[in-house]
Amino acid sequence: MSRIDGRTPEELRPITIERGWSKHAEGSVLISFGDTKVFCTASFTEGVPRWRKGSGEGWVTAEYSMLPRSTNTRGDREAVRGKIGGRTHEISRLIGRSLRAVIDYKALGENTVVLDCDVLQADGGTRTAAITGAYVALADAITWAQGKKLIKHGRKPLIGTVSAVSVGIVDGTPLLDLCYEEDVRAETDMNVVCTGDGRFVEVQGTAEAEPFDRKELNALLDLATSGCVDLSAIQQAALARTLGE
Amino acid sequence: MSRIDGRTPEELRPITIERGWSKHAEGSVLISFGDTKVFCTASFTEGVPRWRKGSGEGWVTAEYSMLPRSTNTRGDREAVRGKIGGRTHEISRLIGRSLRAVIDYKALGENTVVLDCDVLQADGGTRTAAITGAYVALADAITWAQGKKLIKHGRKPLIGTVSAVSVGIVDGTPLLDLCYEEDVRAETDMNVVCTGDGRFVEVQGTAEAEPFDRKELNALLDLATSGCVDLSAIQQAALARTLGE
Amino acid sequence: MSRIDGRTPEELRPITIERGWSKHAEGSVLISFGDTKVFCTASFTEGVPRWRKGSGEGWVTAEYSMLPRSTNTRGDREAVRGKIGGRTHEISRLIGRSLRAVIDYKALGENTVVLDCDVLQADGGTRTAAITGAYVALADAITWAQGKKLIKHGRKPLIGTVSAVSVGIVDGTPLLDLCYEEDVRAETDMNVVCTGDGRFVEVQGTAEAEPFDRKELNALLDLATSGCVDLSAIQQAALARTLGE
Amino acid sequence: MSRIDGRTPEELRPITIERGWSKHAEGSVLISFGDTKVFCTASFTEGVPRWRKGSGEGWVTAEYSMLPRSTNTRGDREAVRGKIGGRTHEISRLIGRSLRAVIDYKALGENTVVLDCDVLQADGGTRTAAITGAYVALADAITWAQGKKLIKHGRKPLIGTVSAVSVGIVDGTPLLDLCYEEDVRAETDMNVVCTGDGRFVEVQGTAEAEPFDRKELNALLDLATSGCVDLSAIQQAALARTLGE
Amino acid sequence: MSRIDGRTPEELRPITIERGWSKHAEGSVLISFGDTKVFCTASFTEGVPRWRKGSGEGWVTAEYSMLPRSTNTRGDREAVRGKIGGRTHEISRLIGRSLRAVIDYKALGENTVVLDCDVLQADGGTRTAAITGAYVALADAITWAQGKKLIKHGRKPLIGTVSAVSVGIVDGTPLLDLCYEEDVRAETDMNVVCTGDGRFVEVQGTAEAEPFDRKELNALLDLATSGCVDLSAIQQAALARTLGE
Amino acid sequence: MSRIDGRTPEELRPITIERGWSKHAEGSVLISFGDTKVFCTASFTEGVPRWRKGSGEGWVTAEYSMLPRSTNTRGDREAVRGKIGGRTHEISRLIGRSLRAVIDYKALGENTVVLDCDVLQADGGTRTAAITGAYVALADAITWAQGKKLIKHGRKPLIGTVSAVSVGIVDGTPLLDLCYEEDVRAETDMNVVCTGDGRFVEVQGTAEAEPFDRKELNALLDLATSGCVDLSAIQQAALARTLGE
C-alpha cells in the first residue's frame, strides 16, 4: 500500500544538497526535498544589532520567503502588498530559533549571520527543507569566518547539528516527509526539528481535522526522529565534500 | 521544593473566568491565569469572507494583541508602527486554529465568529489564557446565535471543548502553567492545546537552551494533559453559571 | 422631561475610578462614565525623545485606541489595517495636549510619561473619560516617581488638575455627558476640557446639523464647566483613597 | 501698540481669492491670507462611496496637505514616510465637516465633491484659509454641475456660506488672524468656523500655555465672529466676479 | 499641417519661468510649459545623509509629485494610499540624476539640496518641465548659499546647465514638446535631458506602439537637442533677471 | 587591450537559457549572462484586471526583485521594509513595457500573463537578462495556453521577439554587456531593448559622470543593436529545443 510517489511510509523523498550556489554569500546551498527546492544563503557580517552591542555575543537570524510562482497558483508578493503575512513570519521565526539552538553566541563573538531561505519551488515541507539547508549554509559561513580569522582561534560557534522533517497522519497512516498532496490530506501535521544526537529543538504538531491522541503523537515522533537521523547523515556527507566539486 | 509563588510543579495558578464582560459582544470573557488577564470577545456576524461564499460553511478567526503597557516595560503599539509583529501573527494564528478544531463549519452555516483576545496584563501564558477564555466566549456567542435563530434548529456548531496550558522545564524540573519569571528561566517551553476528552489540538515545544529528549517531552505532555483536564472543568463550571450572575 | 437613561439634562452618568488596575504601570486606572469604560495607564520612563534631549525638560504624550469590539459593531484593528485613522489621531493628540496643560516640564525633569487610553467598552464620551482617567493615572505615576527620587526633591510637576466632559444639544435641549444614543442624535456636540479651577484647556464644538448660535454656545459652556467641577471632585476623592483599597 | 506686521488687533491680513486657477478642476481657487497661500480644488464626480449608494444623498470630503517646503524648514513628504500625520488627519477632517455644514445632501443627489487643499506657502492660519477658499471652489463646482444638469433642476445643494479664521491671545491681547510668528507666541489659539449669518460651525480653542477663562473666550469669539463677517463678504465679492476675469 | 494647438512640429509651447515664488525656499520657481505648471523649490541645508558624512562631498536629490487634481480626473493621494507609485519613483529618480549631472560634489561641500517638484497642473511633459525648472531653483539656492558663505569662496558647485524636453512621433511625424493629447496618441515617446552645450545627460525613448528604427530615433534626437538649446536660453534669461522683479 | 574577464569590447558574456525550470509555472527560465542569474516565470491566468474587463483584450505585466543576498553585500528585503524601492519599481515597469511591445492584446484575449523576474545572483545587467529571459518564459506560456485552447485558434498573441542588453563607456571605450565591475566604472550607461528585426523598444541612456555626445551615443547604439541580434538568436535556439531536454 504505497504512497502517491511510491515511497514507503517511513521513506524520505530524494534529498540533494548543492553547496556554493552563490558566488557572493559566505555560505549558500540549494536544497531539494523531492520537488521542493529552497535556496539558502548565510550572510556573515561583523557586528551585531544595537540591543546586543558590547555583550561579546553574536546573533543568528533568518528570513523565509516564497517566490510568487513557487506554488501552483501565483501568490502576491509580500513586498508589493507592503506587509509580511503571518505564515511567513511564523516560519522565519521557526528557522531562526532552530539554528540558534546549535550556536554558542560567545564563541561566535560579536558577529551576525543572517540566513535567507527563499523557496524556488514548493511541494510540501518548505520549512523543514529550509532548516536542513540553512544548517549547511551556516556551517560553511562559519568555516569561511574562521578562515578569515573573524572568529577567535580555537572557538567553535557550532555546538551541534540540526535538521528538520515533516510528518503527518494521512488516511490513518503516519507518514514521513509529506509532499504537498499528502500535506493537504493530512489529518495531523507535525514539523520536528532535531539535533544530530536525536534530541528535540522544536516540535510543532497541529490537528488539521480530528484531534490526535498520545499514541498517534508517539508514532509521529518516532518517524520524525528516524528521518532526522538520515537527514543529519546527508548533511554531513554534503559538508564532507570539497566546496566547488 | 516549591515554586516562586508557592505552587507545586503540577499546580495551575488561580483561574477565574468572568462572562458577560462586554455589553456589545455576543460572547465576552475576562479570564485570569494568576496575574495574566486577557479580555476575549466573540463577535458573531452573518456572512463569511468572500473566498467562502456559497460554500454553506462558516468561519472562525482570531486576533491577539497586547496592550502597550500589559508588560513590565511599555511596548510600541503595532498600529503606530504600522505593522504587526511576528509573535502577534503567530499567536493569532494559533488561537484561530485551536478554536476551529472544535467547530463544525457546516453546522455553523455561513456565519463568521471573530475572536479578539486583548491582553490587559501579562505574566506568562497569555496565549494559553487567550485560547481557554476564547472558547468560553465562543460558546456564549453560539448560544446567542441559536437564540436569535441564526443557526439552524438542531445544528450544533460546537463539537468539543478546547483549552490550553503552558509547561516547561525550569532548573531540570517540569512545571505546569509557567508565570513570566519561570518562563524566562525555562530551558524548554511548551504550549499544549487539548480537547476536553484529552486529545491534542496543538503541541508546540521549543528548546530555549539545551535540546530536550523524549523522556522530558513525555513528562511535559503528561503535565499539560492533566492541566487541560482541570481547565476544561473550570470552563464548564463557568458556562454552567447563568450569564449576569 | 427626562433623558433616555432617566437623567436630568445637567446630570453626569455614574462615574467610577478604580486605581491600581495594572501591576506593571506606574499609574493605572479603569474609569467608567456609565457604560463607557476606558483603561488608562501612565508609563513613566527616564529620558526624553531625541528632539528634547539636554533641555532639562520632560515630556508627556498620549495614545488612544478602541478595542475592536468596544463598539456595537466590530471595527477593524488599526494594527491590521497598518494605519491609524484620523479620529484616533485626533483624540490621541487632544488627550496629550490636555494633560500637558497641567505639567511643569522643568519640574518633571528629563523624564517621559506616556498615557495609554484603551477603550474597553464605548457608549459615548470615550475621549472625555480618557482625559479624566488619564489625569488620575498621571498623578499616580508622578507620585511613584517622587517616591523613587526620579523627580528632584521639592519639585511639583503637576501644576493643576484636568478633567473633560461632553455636552450637546439634543432636540433643542442642552445636555451634559451624552451617551452614544444621545450623541448620534445631537445637533451640536462639544467636548470641553477644564482645569479644577474652572478655566478652559480645550473647547471643541461642532455643529452636526444646524450651526449653533452664541446663546446655545453659552448654555453648553455653562453645563460643561459645572460638569467638570463635579468630575474634579470625583478625581480628588479617588486620589484621596489609599492605593490598593 | 501695533502688531508685527502693523495691523490692529482686529484686522485681517490682506485676503485675495483667485478663482479658476486650474483648467481641470470643476472649481479651483488660490487663496491668500497674507503670506499663507492655499490652492483649493473641488472635484465633482457622479456617484458616491459604497456605504452611501442608493441613499439618494451626496457626499463632500476634504484632504489637506502641506507641500514639503511650504514651511520655513523642509518637512518630510507624508507619501514618502508612508503615513499621514495626526495634524494632517485632524485638519482634513475639520475642513470636511465645515463644508458639509452648508450642504444639503438630498439636493446634491448621489454626487461627490472632493476638496483638495494644498498649502503652497505657510505663514499661520493654513486651515482657516483652506476652509475659506474651499468654500469658493465648492460653490464654483456646484454651479458647474448645475450647468451640466448633474444636479436636478431647482435643487440648491448649497444652503449657506462658510468661512474660518484663527484668533488668539498674544501677550495678553486678543488678536484676529494670527500670522506664524504670532501663532508661536500665542497663549491661547482658537480656530472658528462661521456661517455667513454669524452662527458657529466649529469652535476649537486650545490653551497653549495658561488655561483661559470665560472672559478671554468671549473676547476671542467676538473677534472671530466679526472676522468671519468680513471673510464672508470677500467670498461673495469673489463669487460675484465673472470666472476668467 | 499644424498641431492641435497650432504649433509647428519643432516648436516649443510658451515657456514661462517665475523665480522667487516661495518666501521660504532658498530657490523657487513656477515653470510653465504651456498648460503644464510645476512648482519647483530647492531646499539648501548644511550636512549630508549619513552614508556620505565625512566625505567632504555634498548631495542633491529630488522628489516629484502630482497634486491630486493636477490631471483631468482626480488621482488618489499617494500619502493616503500609503505608498509611492512606480511612475512617481521613476520620475523623482530621473530628476535627481539629471541635476546631479551638473553638480561638482566637492565644490558643494557637505551640504544637501533637495529639489521638490510638485505638479500643479498637468498637460504633458511634467517631468521635463520639472527638470528645467528645478535647474533654475537649484542655481538660485546655490547663489543664496554663496551669499551666506555656506560654500567656500571661489568654489563653483554648478558645472553646467541642464534642461529637458519631450519628443515623440505622432501619426508618423516627429514632434517637439508634446502636450497631453499628443502624448496619448504618440507611437514613440522620448524624454531627453541635455546640458547647455548640447550633450546628453539622459535619453529615454519608449515605443508605445510599434518599435522605432534608427532613422526615427535620429530625427527625435535632432528635435530634442534643438529644443534644449532654446530652453537653455530661456533659463539663462530668467536667471539674468534680478530676483523680485 | 582586453576587458576584466578577457572579452573583446563587442563580446557578450556566456549566455545560457534553461527552460522548464519550474514545474508549476506555465513558462519558466533560468537565464545567465555570465555570473548574473535571473529566474523568470510566466504565470498565465484567465481573466484580466478590473479596468480591462469586457475589452476583449489581455494584459501582460512584470515584477522584478533581487534576493537579499544576490549582491555582494546583503540588502534588506523590500517585504520586510514594507515598501518597494524606486529602482525596483523602475525596472519592473521597464520589463513590463518591453514585453508588452511584442504582444497583440486582441489575440491574447482576456487573459493575463505575469512575469516574475527574481535575481538569484547579480553581476551587472540584471534588468537586461530579465527581459531576455522573460521573453522566453512568455513564449512558453503562450504555447502552453494555445495547447490548452485558452487562446482562440489561429490567434498569435506574440507579434515579435524582444531582448535587451546593456552598453556603456568605460575609460573612453564603448563596451557591450557590462559586468558589475565595469558598470561601476562606466561614464555612461545605457540599456537598450530591441526587437528581433533590429528596431528599438526602449533606449535608456544615462551619463554617470560626464554628459555624452551624439557620436558616443551612436557608438553605443551600434554595439547594443548588434548584441541584441546575437541574443535574439540565442533565444530562438533555446525555444527550438524540446522542453524537458
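Each chain carries a letter (A, B, C, D, E and F) given by its place in the written order, and its residues are counted from 1.
Here is the rule we use: a contact is a pair of C-beta atoms (placed from the backbone, for glycine too) under 8 Å apart; a residue touches a chain by one contact, two chains touch by 3 or more.
Listed by chain with UniProt protein names: A, B, C, D, E, F = Ribonuclease PH.
Given the structure is predicted, the values throughout are model-derived calculations rather than measurements.
Asker: Are the interface residues of subunit E and subunit F largely the same numbers on each copy, more than half shared, or largely different?
Answerer: same
Asker: Nearest whole angstrom, what separates the Cα centre of subunit C from the Cα centre of subunit D?
Answerer: Subunit C and subunit D have C-alpha centres separated by 28 Å.
Asker: Provide the C-alpha centroid distance between subunit D and subunit E, rounded to the nearest whole angstrom.
Answerer: Distance between chain centres: 32 Å.
Asker: Centroid from C-alpha atoms only, then distance subunit C to subunit F, rounded to Å. What do you get?
Answerer: Going by mean C-alpha positions, subunit C sits 59 Å from subunit F.
Asker: How many angstrom between the C-alpha centroids of subunit F and subunit B?
Answerer: Distance between chain centres, rounded to whole Å: 50 Å.
Asker: Going by the contact rule already set, what residues in subunit D reach two or more other chains?
Answerer: In subunit D, residues 82-84 touch at least two other chains, as defined above.
Asker: Can you list the ring's chains in order, from subunit A toward subunit B?
Answerer: Moving from subunit A on to subunit B and continuing, the chains are A, B, C, D, E, F.
Asker: Along subunit A, where are the residues that touch subunit F in the complex?
Answerer: Where subunit A meets subunit F, its residues are 22-25, 28, 35, 39, 41, 43, 45, 63, 65, 67-72, 74, 77-80, 82-84, 88, 114, 116, 118, 120-123.
Asker: List the residues on subunit F that touch subunit E in their complex, please.
Answerer: 83-87, 89-90, 92-93, 97, 101, 160, 190, 194-195, 197-207, 210-214, 217, 221, 225
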